[in-house]
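Common to both upcoming complexes is chain A, partnered first by chain B, then by chain C.
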Partner chain A sequence: MTGTELQLLGCAKTFGGKTKALLPTDLVVKPGEILGLLGPSGCGKTTMLRIMAGLETPDAGGKVLFDDEDVTKVPIEHRSIGMVFQSYALFPNMSVRQNVGYGLKVRGIDGPERDGRVDEVMAFCRLEGLADRAIDQLSGGQRQRVALARAVAPRPRVLLLDEPLSALDAALRDTLRDELAMILRGLSMTAVFVTHDQSEAMAIADSIAVMKAGRIEQRAAPEVLYRDPQTDFVASFVGGANRLAGRFEDGELHLDGGTLKTGIEGNQPDHIFIRQEDIQISSPDVSALRGTVIGRVYLGTHTKLTIAGVSETPLVVSLQGATAPQIGEIVGLDIPATSLIHF
Partner chain B sequence: MFIFFCFLPLIVFSLAFLALPLVRLFSASVEGELGWSIYGEILSNPRYMQSLLDTVLVSLAVTIAALLVATTAALFLTHNRFRGRSLLIASLTFPLAFPGVVIGFLMILLGGRQGLVNNISSNVFDTRLVFAYSMVGLFFGYLYFSIPRVLLTVMATAEKLDPALVEAARSLGAAPLQVLRDVTLPGLAPALIASGAIAFATAMGAFGTAFTLATDIDVLPMVIYTEFTLSANIAMACALSVLLGLVTWVLLMFARSLTGTSIAASG
Partner chain C sequence: MSRRSAFVIQFSVTLLACAFLLVPAILSILAGVTVNYFQGIVASGVTLKWVGQVWELYSDTIWRSMGIAFGCLIITAIIGIPAAYGLNRFPGRISRIVEEFVSLPLSIPGLALALALLQLYGTIKGFRLSSWFILVGHVLYTMPFMIRSVLAVFSTIDLQSLEEGAASLGASSWQRFKDIALPNAWPGILAGALTVVTLSIGEFNLTWMLHTPLTKTLPVGLADSYASMRLEIASAYTLVFFVMIVPLLAAMLWASNKAQSIGKPS
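Up next, the complex of A and B:
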């Protein structure tokens, strides 16, 4: 892989002497890797991205490295990064072509060389035919791709994207997400992008750092995060897993809705997780675990059921196939011991 | 019908306060013994033309200086938070309340024969420094009351500019002056045009300050006053007023079209 290795060493950020937006963090993004920073709003994702960009300086002791070069004190204009802002921040007084060519223009690249590179990047980002448009004549998806094209045109060492899809209509987001994933992959450039949406992170990233309250909870490939979460937060935030809390006795978990054989021996946790699609619905007469359906959303490929009376909080079950029970029905739940997640 | 009623106040206002007095002013200007040739008389009179030129030049200088000072100050005040900031902003608007006469007093206190500047320069450097009673005094007086107008308008716009625009330009490698030229100033352009126009038009028509500083200042509003009160030449006073309004209007239109094209061609 080509590209720059990006490294954070002990980077923390405290605002105004008290808001700890980011706790001391170490992070390596390999050359050409696409890293997703995933976490709920306010957990410090943007702050970390801005430290990488040079828009914030880390608290004393923190270091930012591009390959072996220490860029901690290098201001953003000399870091050679590309950045896509949440609002896109396109220059309203310039055409699409002028926006995309701006990074080349300020570097003194003119004439055919600039035009050639701009055309190349615009074609790559599927912006053919839009060169002379004004910014306010573009759709949301086009704006996002102009922002991306503008950021990559000067061939930055690292590409940074802050919630690049959040400004778009929900209806468009899935298509544009897949398109963005393809473009980013085609660039083979070291990239970090921020999102609060786990499906977005899964679709785009090679590797995901899940953040909570200013620290990275777990950093792994998407499938590893999903299959093998290391913390409660990752299990519920990334996998959408259900939390079952009750009293353990001889490998059995006693819940409001019955008992669950867990096969867990030795150190017994007071709660476990189970993913939505790992729960099967069966007859209440034969199952050791029962609950009442209180919510039912049909989604075509699957049906999402909300079931109360099993544990403290209602369970969410994602059911494939056509015959999902109706609201008000009492159902049995089969939960295979092998699917349980515990720490 | 509803739309018509919404326009009604504007129509009434335009007719009553703009169109009718202007028509009356114009007709009064050609009702004197010179008739229509009064305008030829103005154009061939070196004193009138000189005062028109002086008025335009001092107004232009005031506008440019006010835009420079106020824009710099507005950008500083928008991007920096410090103790006493709100108090400073509130007191910067102080001159807005003063009539031209008071501004004239202030200039005399500052740059007159007994003024602060002259006292200091006489005592320390042994040179007399008196500027209040000239175009220079007028320039500073006008600047004093133009800056707050420009500052308030520019600050209101600067605070609404998306800070990500500046960050985006920097991320693309733009140096501070390039950011100013390509992002900040184009973003402020509407405010600069609007407040510059107000500063210019106000300076063209200002009278109280010139009247207070008096002696050898011959700006057009002063000439109009003299024609009206001393010579009782009402037709000439009206004709000069029409000229003053017309020149201001044409120059503002010209500036507007000029900035319009330069904004479209930037980047």
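Up next, the complex of A and C:
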């Protein structure tokens, strides 16, 4: 892989002397890696991105390295980064071509060289034929691609994207998410993007850092994060696993709706997690665990059931296949011990 | 009431309103080209003699007014645009206080402002007797209009994001100001310029206190001619004023409309 290695060493950020937006954090992004910073709003992910960009300086002691060069005190305009903003921040006084070429223009690259590189980047981001459009004549998806083309045209060392899809209509987002993932892979550039949407992070990133309250909870590849979460927060935030809380006794978890054989020995937790798709519906007569269907949403590929009476909070079950029980029905739940997540 | 009579009434009211506004202006302009106003334009005939006399007697006030308005525009632009940029860039209590402070001349009567200037600088003879003294008064009075109209545009375009975008692409702070802030503030700058020039050319209160017999401006000259000259000359003066200011207003209005269509926020 080509590209720059990005490192944060002990980077923290405190606003106004007391608000701790980011706790001291170490992070390495390998050359060419696409890292997703995932977390709810206010978790410090945007602050971290802005520290990487040079729009914020870390608290004393924190360091930002590009390869082995310390860029902590280098202002954003000299850091050679590309950034895609949440609002895109396209210049309304310039055409698409001028926007894309601006980074080259301020570096003093003129004439045929600039035109050539702008054409190349615009073709890569599928913007042919839009060169002379004004910004207000573009659709949301086109704007996003112009913002991306503008950011990568000067060949930055690191590409940073702040919620690149959140300004788009929900209907467009899925298509554009896949498209963005393809373009980013094609660039093979070190990239970090911020998102609050776990499916977006999964689709785009090589590796995801899940953040909560100013710190990284877990950093892993998407599959690992989904299959093997290390904290309660990661288990429930990524993939929306169900939390089952009750009383443990001899490897069995006693819940409001019955008992669950867990096969857990030794240190027994007071709660465990189970993924929505790992729960099977069966007959209430044979199952040791029962609940009542209180919600049923048919989504084509699967049906989402909400089941009350099993644990403190209603369970969400994602059920494949055509025959899902109706609202009000009492159902049995089969939960295989091998699918349980516990810490 | 039938539709026809409703139309007739509406049309008459419109016509009356127009007449109320236009007839005095037309009469005044006609008086300026009448040989003898008391005999009437039909009996005495049409002449450009009075316009010629106005030019002879007062052309210096016209040039001075244009010079002061132009100077005022340049100074308010040079100070006001960067000031608005700074106020927008560093929002906070101090910026708000500065903004209010700059706007203070709007709420103080021109006469009081003039009195303050006279008390403070009246003893510096060379300055007191020159047109620069009037220019300073006009700059004080028109500055808030430039700052506020530029500030208004800055606050609608989310300049901070645009500038961060430019900075991420490697633009220095001067390049960001020149390439991003300035072009996007163009509608505000033009609207401010229009207001500054018009206010400066028409300003009377302040100028009347600050002027000397050798530094009369157009409106002061106009008042002087109303008081001391025959009616035809004063009217011809009004005509000259009108001919000067209308094309100027039209040109600047056209320019600001044009700028508004390119500078639309995305």
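Basically, the second predicted complex is superposed on the first by the 343 of 343 C-alpha atoms of A that agree within 3 Å, B and C clash if a C-alpha of one lies under 4 Å from a C-alpha of the other, contacts with A are read in each partner's own complex, and residues count from 1 in each chain.
Assume a residue touches a chain if its C-beta (ideal position, glycine included) is under 8 Å from a C-beta of that chain, and two chains touch if they have at least 3 such contacts.
Only a predicted model underlies this, so the values are computations on that prediction, with no experimental measurement involved.
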Label the relationship between chain B and chain C on chain A in the superposed model as either fit or clash. clash
Tell me which partner A:85 touches in the superposition: chain B (first), chain C (second), both or neither. both
Just chain B (first), just chain C (second), both, or neither: which does A:154 touch? both
Return first, second, both or neither, reflecting whether A:214 touches chain B, chain C, both chains, or no partner chain. neither
Output check: A:62 vs chain B and chain C. Expected answer is one of first, second, both, neither. What do you get? neither
So, does A:95 touch the first partner chain B, the second partner chain C, both, or neither? first
Considering only the touch criterion stated at the top, classify A:136 as touching first (chain B), second (chain C), both, or neither. second
Identify the overlap between the chain B-contacting and the chain C-contacting residues of chain A. 53, 55, 75-78, 80-83, 85, 87, 89-93, 102-103, 106-107, 150-151, 154
List the residues on chain A that touch chain B in their complex, please. 53, 55, 75-78, 80-83, 85-87, 89-95, 98, 102-103, 106-107, 150-151, 154
Residue numbers on chain C that touch chain A, as the complex places them: 157-158, 161-162, 164-172, 175, 179-180, 183-184, 186, 262-266
Touching residues on chain B, where the partner in the complex is chain A: 162, 164-165, 167-175, 178, 182-183, 186-187, 189, 263, 266-267
Please give the residue numbers of chain A that touch chain C in the complex, ascending. 53, 55, 75-78, 80-83, 85, 87, 89-93, 102-103, 106-107, 135-136, 143, 150-151, 154, 160
